Amino acid sequence: MPNATIIALIPLLPLAGFLLLGLFGRKIFKNSSGLIGTALLLTSTVLALYTAYEYFFVYGKVDGVYQQFIPMKLTWLEFSPGVSIDMGMAVDSISVMMLVVVTFVSLMVHIYSLGYMKGEERFSTYYAFLGLFTFSMLGLVLSSNIFQIYIFWELVGVSSFLLIGFYYDKPSAVAASKKAFIVTRFADLGFLVGILILSNSSGTLDFNTMIATLTSPDSDAVKTAATSSFLGASALTWGAALVFIGGAGKSAMFPLHIWLPDAMEGPTPISALIHAATMVVAGVYLVARLFPIYAITVPAVLEIIGWVGAISAIIAAIIACTQTDIKRVLAYSTMSQIGYMMFALGVSKYGGESGLGYTASMFHLFTHAMFKALLFLGAGAVIHYVHSNEMKDMGGLRKYMPITHLTFLIACLAIAGIPPFAGFFSKEEILLAAYQNNTAIYWVALITSGLTAFYMFRLYFSIFWNKSHHTHGESHGEGSFVMMLPLVLLGIGAAAAGFIPFGEFVSSDGNPLESHFHLQFSIAPVALGLAGILAALWLYAKQNDKPAKLAASLGSLYKAAYHKFYIDDIYLFITKRILFNLVGRPAAWFDRNVVDGLINLTGNTTQAVSEGIKKMQSGKVQQYAIYFLSGVIILAALFIYIWR
Amino acid sequence: MNEFFTLMKSELLVTAIIFLLLFIKIGKGMKNESLLSLVQVLLLLNFIAGFFFNKTGNLFGDMFYTTPLIAFQKNILSLAVYLISLLCSDWLKKTGHLPEFFMLMLSALLGMFLMISSSNLLIFYLSLELATIPVAAMANFDLEKKRSSEGAMKMILSSAFSSGILLFGISLLYGTTGTISFPEITAQLDGSSVQILAFIFLVTAFAFKLSIVPFHLWTADVYEGSPMAVTSFLSVVSKGSVAFIFITVLYKMFQPMQDMWYTLLVILAIATMLIGNLFALRQQNIKRFLAFSSIAQVGFILVGISSNDYMGIAAVVYFVLIYVFSNLAAFGVAAVIAEHTGKENIDDYKGLYKTNPFLSWILALALFSLAGVPPTAGFFGKLFLLTAGGAKAAYWFILVAALNMIISLYYYLRVVRAMFMDKNDNPMEPIKVSPVVKLALVICGAGIIMIGLLSWIFEYIKSLH
Amino acid sequence: MMQPGLYHILFISAALFFIGVYGFLTRRNLITMLMSIELILNSVNLNFIAFNKYLWPGKLDGLFFTLFIIAIAAAEAAVAIAIIINLYRSHQSIDVENAEDLKY
Amino acid sequence: MNLLLLIGAPLLTAVAVLFSRNKQQVRWISLLGSIVQIILAFALLFAFRQERAENNSAQMLFEQNYKLFDSLNINFHFGVDGISVAMILLTSLVVVAGVLVSWNVEKMTKEFYFLLLLLGLGAYGFFISLDLFILFFFLEISVIPKYLLIGIWGSGKKEYSANKLALMLMGGSALILVGMLGLYFIAGHSFDILALSKTDIPVNIQNLLFPLLFVGFGVFTALFPLHTWVPDGHSSAPTAGSMFLAGISMKLGGYGCLRVATYLLPEGAKEYANIIIILSAIAILYGAFATMMQKDLKYINAYSSVSHVGFSLLGIGMLTQTAITGALMQMVSHGLMTALFFAVIGMVYDRTHTRMTGEMGGLMKVMPFISTVFFIVGLCSLGLPGFSGFVAEMTVFMGSWENADAFHRIATIAAAMSIVVTAVYILRATGQTMMGAIKNESHLQLKDAAWNEKLAAIILVAGILAIGIAPGWLNDLLRPAAEEIMNRIAGK
Amino acid sequence: MNGSEIIFYLLAALTLTCGLLSVSTRQIFRAAIYLLFSLIGIAGIYFWLQYEFIAAVQIVVYVGGIVVLIIFSIFLTQQAGEKLPKQKPGRKIFSALAVFCGFALTMVQVYQHEFDFDKALVSPTMSNIGQNMLSTKEGGYALPFEVISMLLLAAMIGCIVIALRSKPETK
């Protein structure tokens, strides 16, 4: 059985870091805060690795099937008997895998930041936030209760917000952080309503109970939920779809992806951690968590998930080909890769061989974390070196930054799916799963993989080759040891992670899954990948005007892609024009002028009436007598003739 | 004979004071200051005496009738007169006709005592006149002021007109019932049209004295024109006494017509509250302002009266008691300010708190009490009136009354706002309040706070039944 | 024409009453207003006497009421005239329309 | 525990303040008094839990009954259940924070603190009263202090706001008064809540009285569309005044809506529940949208209060146990949160002398403490887990969802949509004031919070976190009480 | 029609005509005289009703007292012969209307009422009046008598104070 204390310590240590540095960092640990944070996280990582070892090799497998363990569960808030938010820890293969990923990447980022963020004014705050994020993310992956995951979901969101807006005096950073938070918040609304629906249908908030209730077709919950329909879909479909919207928001799926590129305003290590490796895959993780429900009860939603993933993958890939800010390219690439994971889930089924997509998705999540974090950290090193994000300010850097160059190349090869790097294996499985279940998605994915290779190498060549005689102001070295160490470690990961027999450990139903390797199947994607690389080589290896020409020849398509297909503008239109100008402003006006106006009107009317009847008190005693007499007569007449 | 002295002790005491003053006046006369102190002491004694030997009984056949409740009512009036003598002592000291003033005021008080005790239309009418004619003369006591005579003229003419109508009503009532004694009239009432007519005629006299809309129009003019002492006497003592006898007349004499007068009261109460409030909204002169506010207060009294059970009586008596303190405190502060600075406008009160915090707090307390805001006694007073009025389950009636409290709060707050919030570049000088007046104001303030919280006072009134 | 009786007298008194009221409402001179009041009171007196005579001769309530009304009328008139004269001194006029400073 | 202490402590403090000699004395006496109140409140909490732990299942604990107007059957009847205890805790926290942030009031200090303490007194009295008359008395007692606080120490168009507040609240009281008298006569001359709760009131009477009582109390708690005193009143009030207004006074209304209107008139509540739901859903969304357009920080918080308080009313309107628990949680949470928000706004205003978001910027640099608190309260407001707002709102949502028909669900979803809008305006406000570059050079000289302000903020933040991180204790306090109310609604 | 009736009608006509003229003439002095005659007419009716005591009081108090007082005050305040100012016609019409309505209402009610007539007509005697006046028993009028005395005292004091205005009080 898992050791509850050890597992609890994994998230709690970063939390301790957050509290320690957040409360006292500015005064007491001004300089040592980085080390404190790193040390705490190192402990966490070790514990996570230990847990992973214990789980996968010691106690996890019972009767050949990986089980879920819940070593600890505390009732946090009880709504009604049976329905309560619990703070529990679910230990199963995906959560353990995620524990490793999160702690490892986070550790890398912690180490890297020691160099990258050195000299920042709010250094300790930065580490505090990192601690908060790591804690929330770990809490998220360990959640055993859908509301618990929602809680950490939000916490992850806010730490992301805090870190994107870390340079709070930069208006663009502030705007980006707001955007990220609000867009994901909007998605979370769906998540929340989805939770309400699912919990109401299943009568619980606990994952296991909920899954058990909602996947058994003869349970009352499923029956009633299936009959109660709204807008042509059953309540359960709605619930599951809405929950997915939450995941889509966090994972930057089309069309809720617009926050992700902007989020690059944050410090680059943050992008590596949050917006590449960990937080953005939370959506994938969520779908994986609830996978039995999607796969068994509401396959229609799963299909939607598949298509959303596929569309996101290809759109992001197209846009990535046109961007010039290297971090934005990486951001779109992230989106594209998450699209892969998502549709991998979408094309999967529950249990056995047909659950290949599930395994592949998780596998890709794992490898992607390695190489994407590596890419970001490498990009960070580059940016650190040239003080710019723009490709045009770079070029020919391979001589100045050899380690960065090498690791970056490994990562590019990995993401392009070139064997034997990590990406190849995971992508291969995904494509296979897609091929087996949904050919249309398979073709989309195939094209995407070619595009991926192209834009990655476009990036690579632009940075490290292209203009050779570029002067970069005063030349300071490539970076300190602490910055290079993570690159190397991650590079090793990106190169080697593919050889892990992932299916052995992670599968939709816990049963180990044989990894099959189909050489003939790999030809097409690898060839496409190579073609993409060659195209990039031809276009970008040397400084020339071919890219410009190509862009010109593609015309409006290029322009549309460059402008991210105008999705941002649509959002802007909706928020600014409709929400602000057509809802907010009228609401505020209505309140001040109509609602309040009515209240004031009563007051003013009273005043006016008071002014109007003042003539009654004319000062003429005879007129008073007339009122008197009239009063008498009228009252008398009334009471004699009407009310007697 | 013994009974004569105990039952009529209040009246006899007041008469004795009147004659004492008369002899002083006819004799050597006294300095104003010492005379005033003497009168104050006598009035205090009169008030204290009112607590003893209260019994139930009839005198002069059925003409005079008293009970402990009536004695308590009389005592409220005595208290009010005593407080007025304290509060207005600055003005009283300066007046040239101090003994006459008190003689007139006490005659009026005597009239009110007799009126409350009356059980016969004749004695009622006579005491009503006794309670009115001297006051009209008193209203003219600022002899040099045009407004004072104008006010007095309006009062005497209006009240003569009103008593003409009252008398016509009485004559018709007499014609149809053949008697002028309350209990006998009750026995004879048959609800014929002439009796309704007579009833309406009769009620207008009360309405006139109580300033019920639309018979109220003299009120503000007279209040504004009269000296402050007279205004406070009119607004507190005069109203209180008429309210008491009004209850007796309605509950006893016109009990058979209760359905009718309930409707009448509802109409009158709503009109009175509304019109009084609407007029008060706009007033600048503090006396006029208080006049209209007192009109609105009468509307509330009518709500209480409409209950037609002992709760109504108790609530009204209790309310009048509170009203004595609240209104006299307000008038007292206004009197002090008017006497020292000659200012009577609400705008002149701006920034008063800066220079005269004591006066401001007392006035604010008084106004809160009039508005019916806790913890002042006015809250309890109003609430009990509404509780009494609510017994008939006419919720909308109570609602209208309650909504009127909002308007009234608005204008009371206007004065508070002037004192506490508005800026004034040259606020009033700090006023040196003489100890006597201060004492009276403190008594009023304490009364405003304590009467509500000391629940036994209300319980006592209820136990007088 | 019928035998003069209660109704006739009631007619006279009511007419006189409303004549007085009319005078009170329309005369601008304060003294004439006072005179109208006297008419009103007299009409009431007439009522009392008539009722006493025709309907309730057993007791003398009406008669005494009349007596006291007459006394009060005198007192009221005296005070009113004193006030009016005082008003005349300050306003130099006894026109009721000249005494309208107090209003609104 | 003797509940009279809760009235006695503020009363004594107020009197002591009246007789103190200088401003410093006034401040320290008030602080001491309010600390005593906190101690009492916590003592009450522990005593209450102790009693409950010993299985004392009486509906009201620590009951005391003194005869007041015996002939009218009006009694000083006191007692507390979990709801009252929670509200008393809230009050004590806000009182002490209010006293602390007002430390620098120089104008008429004595009067200021006197009125402040009187407000607190009214709230304590209100929450422990079990007699409608006394309840009403304590409700009303706070109207005038509010008026004076705004009118004298306020800013902007203070007289107008003060008037509006006083009149609208008085209007609410008028309705309550009528409803209350109606109950009194129906129940055979009793104002006693416990007695009334055992009375069978005819349905038509309930339908008549319920709107009166609910709307009457609703005015106090900013029921749409009678909320317009809120923006004006809050924005004009001095800092502590706003804190009290939003933190405590609005809760009086919510408490009344539940304890008096809903509890005593369950049939009426059922009859009008849908209207309440519609109104509060409108208030939630519309308040949020209106907030989005505000530029004055106090207006932002005031409108956001309208929106947040809507959750309380929504919870009440939903008539399920969980929703009502959530409504009560929201009251406590919103009380703490909004008081803190106003305190922070006051601190910012004291320094920058402006409340316009457009004129600030980058304040994080010069006042990190204040900014952090601002941030925390903002996050609480937008319902971030870990803060009280989340717990309350989620409980409301969960409870609302228990009603299975489309109407309730759509209303819930509409209400839930506000969490996005809230995020928008909170982040906008934070972004414009705390983040970004410093717009006004003179702001560079500003100082961060002083000890009193820090202490005030910490007390309230602690309250928010105590609910946000470990909501269980509050839930345990409120749920049984809500169950009691539900039992009557369900007719058990 | 016998003599008594004729006398009654004459008296009635005198009273009403003089009353009407009194409120309508624009010569103030004439108004006072008309009032005088109207009051005399009422006294006549009292005689006709055999209430001689009241008739005598009427003559003494009204004719001898009040009307004289009024005439004096007219002399004090008015140049004789000057016409009274005209009232606004609107006021007149409205007053007339109100008065007419009131009169009509009253008369209709009174004439519809069935008074209780079956009693012997007796007239009071002087001794009867005197005894009752000072009796403190049931049906006695001692208390009103005392009250009216206080009232007259108060009225006297009031009149003196107000009328003595020009001469400041000596201390």
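First chain written, first letter: the chains are A, B, C, D and E, and each begins at residue 1.
Methods note: a contact is a pair of C-beta atoms (placed from the backbone, for glycine too) under 8 Å apart; a residue touches a chain by one contact, two chains touch by 3 or more.
Owing to the predicted nature of the structure, the values given are computational and were not obtained by experimental measurement.
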item	value
If a chain touches chain B and chain C alike, it appears here	A, E
Third chains touching both chain E and chain C	A, B
Most centrally placed chain, judged by C-alpha centres	D
Chain whose mean Cα position lies farthest from chain A	E
Relative to chain D, chain with the most remote C-alpha centre	E
Centre-of-Cα separation between chain E and chain D, whole angstrom	70
Euclidean distance of C-alpha centroids - chain A vs chain E, Å	102
Distance between the centres, which are taken as Cα means, of chain B and chain A, whole angstrom	77
Distance between the centres, which are taken as Cα means, of chain D and chain A, whole angstrom	36
Residues of chain B whose C-beta touches two or more other chains	122, 126, 129, 133, 136-137, 140, 143-144, 152-154, 157, 161, 172, 175, 178, 193, 197, 220-221, 282, 410
Set of chain C residues in contact with two or more other chains	17, 20-21, 24-26, 28, 33-34, 50, 55-56, 59, 64, 68, 72, 75-76, 79, 82-84, 86, 97, 99-104
Residues of chain E touching at least two other chains	91, 95, 98-99, 102, 105-106, 109-110, 115-116, 139, 141, 144, 148, 151, 155, 158-159, 162, 165
Chains touching one another, given as label pairs in label order	A-B, A-C, A-D, A-E, B-C, B-D, B-E, C-E
Residues of chain E defined as touching chain B within the complex	105-106, 109-110, 112-113, 115-116, 136-144, 147-148, 150-151, 153-155, 157-162, 165, 168-169, 171
Sites on chain B touched by chain E in the complex	15, 18, 22, 29, 31-32, 59-64, 96-97, 100, 103-104, 107-108, 110-111, 114, 122-123, 126-127, 129-130, 133-134, 136-138, 140-141, 143-144, 152, 172, 175-176, 178, 192-194, 197
Chain C partner contacts - residues on chain A that touch it in the complex	614, 617-622, 625-626, 629
Complex contacts: residues of chain D adjacent to chain B	67-72, 74, 133, 136-138, 140-141, 143-144, 147-148, 151-152, 158-159, 162-163, 166-167, 170-171, 173-175, 177-178, 181-182, 184-185, 208-209, 212
In the complex, chain E residues that touch chain A	91, 94-95, 98-99, 101-102, 105, 109
